[in-house]
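So that you can tell them apart, the chains are marked A, B, C and D in the order they are listed, and the count of residues begins at 1 in each.
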Amino acid sequence: MNLLNQFKFYSIVFLLTIVSNSTQAQITNNITHEQALKVVFEAKKKAEASNVLVNIAVVDAGANLKAFIRMDESFLGSIDVAIKKAKTARYFNIATGDLGKLTQPGGIIYNIEVSNNGLITFPGGVPIKNNEGKIIGAIGISGGTIEQDHEIAIIGAEAILE
Amino acid sequence: MNLLNQFKFYSIVFLLTIVSNSTQAQITNNITHEQALKVVFEAKKKAEASNVLVNIAVVDAGANLKAFIRMDESFLGSIDVAIKKAKTARYFNIATGDLGKLTQPGGIIYNIEVSNNGLITFPGGVPIKNNEGKIIGAIGISGGTIEQDHEIAIIGAEAILE
Amino acid sequence: MNLLNQFKFYSIVFLLTIVSNSTQAQITNNITHEQALKVVFEAKKKAEASNVLVNIAVVDAGANLKAFIRMDESFLGSIDVAIKKAKTARYFNIATGDLGKLTQPGGIIYNIEVSNNGLITFPGGVPIKNNEGKIIGAIGISGGTIEQDHEIAIIGAEAILE
Amino acid sequence: MNLLNQFKFYSIVFLLTIVSNSTQAQITNNITHEQALKVVFEAKKKAEASNVLVNIAVVDAGANLKAFIRMDESFLGSIDVAIKKAKTARYFNIATGDLGKLTQPGGIIYNIEVSNNGLITFPGGVPIKNNEGKIIGAIGISGGTIEQDHEIAIIGAEAILE
């Protein structure tokens, strides 16, 4: 391969890398439905392994519902709680349980729960980040203990990392 | 057949009857999450084949959200429309388009859309029936033309039939 | 000065006083949109100087939204919180943080937050007063710490004073 | 310039173009607050020139409120109408007046207005597109005639084009 051809070859490789990166950046600003399904299924698998019945909600970067599944015999009241946990986690880019530490009586943001059409501030909602650490959505789990819900949410959120 | 063998035989028949009945009751009264996922995926496959971007919602026999998926780049406003179509179809056990014929000005149930926190009465929502014809839930599709939405809903609803 | 002239003189003074007061009253009873924009921009300038991303809401004397701006990358959940802080400050003519001292468990207006479609009672909302000290609206800030939000709100509210 | 150098030069130009485009795409996927303010001010200028009092709302790509201004003496009821027009335009990527043609009695999506917490389907809301034609938000105008509202919305939406 002479110098010109070599240069062309590396140029093309370099170009493809840039194009593919920019495409990826484009894609990864917001969770895709394929990623959302991956999150849901990993969370569901963990819930089944833990023998707990939950509702699983995923919202996108705009806090809009992207995917949802309710396991058989799980609480009816958990549909809304799971969705609100996911939305809360994205509204403030924080695990809902961490937010809840600040909303208690005497806390710095006491009773913020009445805003945004109802927030849920106990554990079970966590932001979903991509490989670059950028928040692209959130997951909310409801149906088990708060410890179980949080653990399942974490497993779900990490399902899209490579 | 001696008495012991006879007893064994009837015991087994009796056991099988109980098991099969309880299984059947389980299956046929309410849509399961595995069935709901089957409905969602068949609907999604049809939407992709038709090159249309939709939101897909499935509610159970109690008209509560069971499964949901929003395809990338589909309308944001279709999240709520798809869920409301599914709920409407189960609230009145009817295809939403058929209900809409009765809600027009001068119609016998004019403006019923304002009830139940908002009904959608144009095509795209249909009840989901099991093999025995019993309604066990409903599906709502939003994002395409009303003809496309209805067609995709039918494909989804029939996914659980054997 | 004879009696008639004296009378004329006082009449004119009296008339001018009435005219000037009524004109002034007209102007100062309610925040104008030009004033609201001034409030928003001073608050934004302060937020940028403090390197904090906030939502800024201004309501008028009737507690109705007058102006709003959301800085890029600020919390989605802060849209509603900022608007509710502004409304709360005008509903009760008080800084939201001061109201919050009374709404804690055991407080004299415990859980008033559930009224008025949701109040926010932690710092970040303050009434806007004109030069005469009359309340003509309110500002709400959300996105930073409660100290930052309150400080930015004060800067904004004082932007219309001369 | 020999062939190799020439090739290098064009390669670099080409690379820079790709990088700059991808960066721009990144930036322009969602309306910025500076763009939103530009939209608001152009709309306000047009309203003043037309001697009409309006409410102006801008939402981002996620249909969340980004900027708002209410002109003095404009209708109080127009606050919510303007915001709902902007949201509706983004929910379905369409001018609200065009949507309204389909929601009339006998229309294919009759009474869709009850969804999404209330849609407004008469003129005054239009999507905001960037230079590449991609929808990055929407504007809603309320206070004048529907013709005036629509015209002002168009002027506002086009303010960010170069």
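As a working rule, a residue touches a chain if its C-beta (ideal position, glycine included) is under 8 Å from a C-beta of that chain, and two chains touch if they have at least 3 such contacts.
Everything numeric here is computed off the predicted structure, so don't read it as measured data.
Novice: Of all the other chains, whose mean CA position lies farthest from chain B?
Specialist: Centre of mass proxy via C-alpha means gives C as farthest from chain B.
Novice: Using mean CA coordinates as chain centres, what's the chain A-chain B distance in Å?
Specialist: The mean C-alpha positions of chain A and chain B differ by 27 Å.
Novice: Nearest whole angstrom, what separates the Cα centre of chain B from the Cα centre of chain C?
Specialist: Distance between chain centres: 51 Å.
Novice: Based only on mean CA positions, could you tell me how far chain B sits from chain D in angstrom?
Specialist: 36
Novice: Provide the list of chain B residues touching at least two other chains, using ranges where the numbers run on.
Specialist: In chain B, 76 touch at least two other chains.
Novice: Each pair of chains that touch: what are they?
Specialist: Chain-chain contacts present: A-B, A-C, A-D, B-D, C-D.
Novice: Looking at the complex, which residues from chain D come into contact with chain B?
Specialist: Spelled out, the residues of chain D in touch with chain B are 62-63, 88, 90-93, 105-106, 108-112, 114-117, 119.
Novice: Could you list, by residue number, the parts of chain C that touch chain A in their complex?
Specialist: Where chain C meets chain A, its residues are 75-78, 80-81, 84, 100, 103-105, 111, 113-114, 118-122, 145-146.
Novice: List the residues on chain A that touch chain D in their complex, please.
Specialist: It is residues 3-4, 7-8, 11, 14-15, 18-19, 22, 25-26, 29, 61-64 of chain A that touch chain D.
Novice: Per the contact definition, I'd like the list of chain B residues that touch chain A in the complex.
Specialist: Chain B residues touching chain A: 30, 32-33, 36-37, 60, 62, 64-72, 76, 79.
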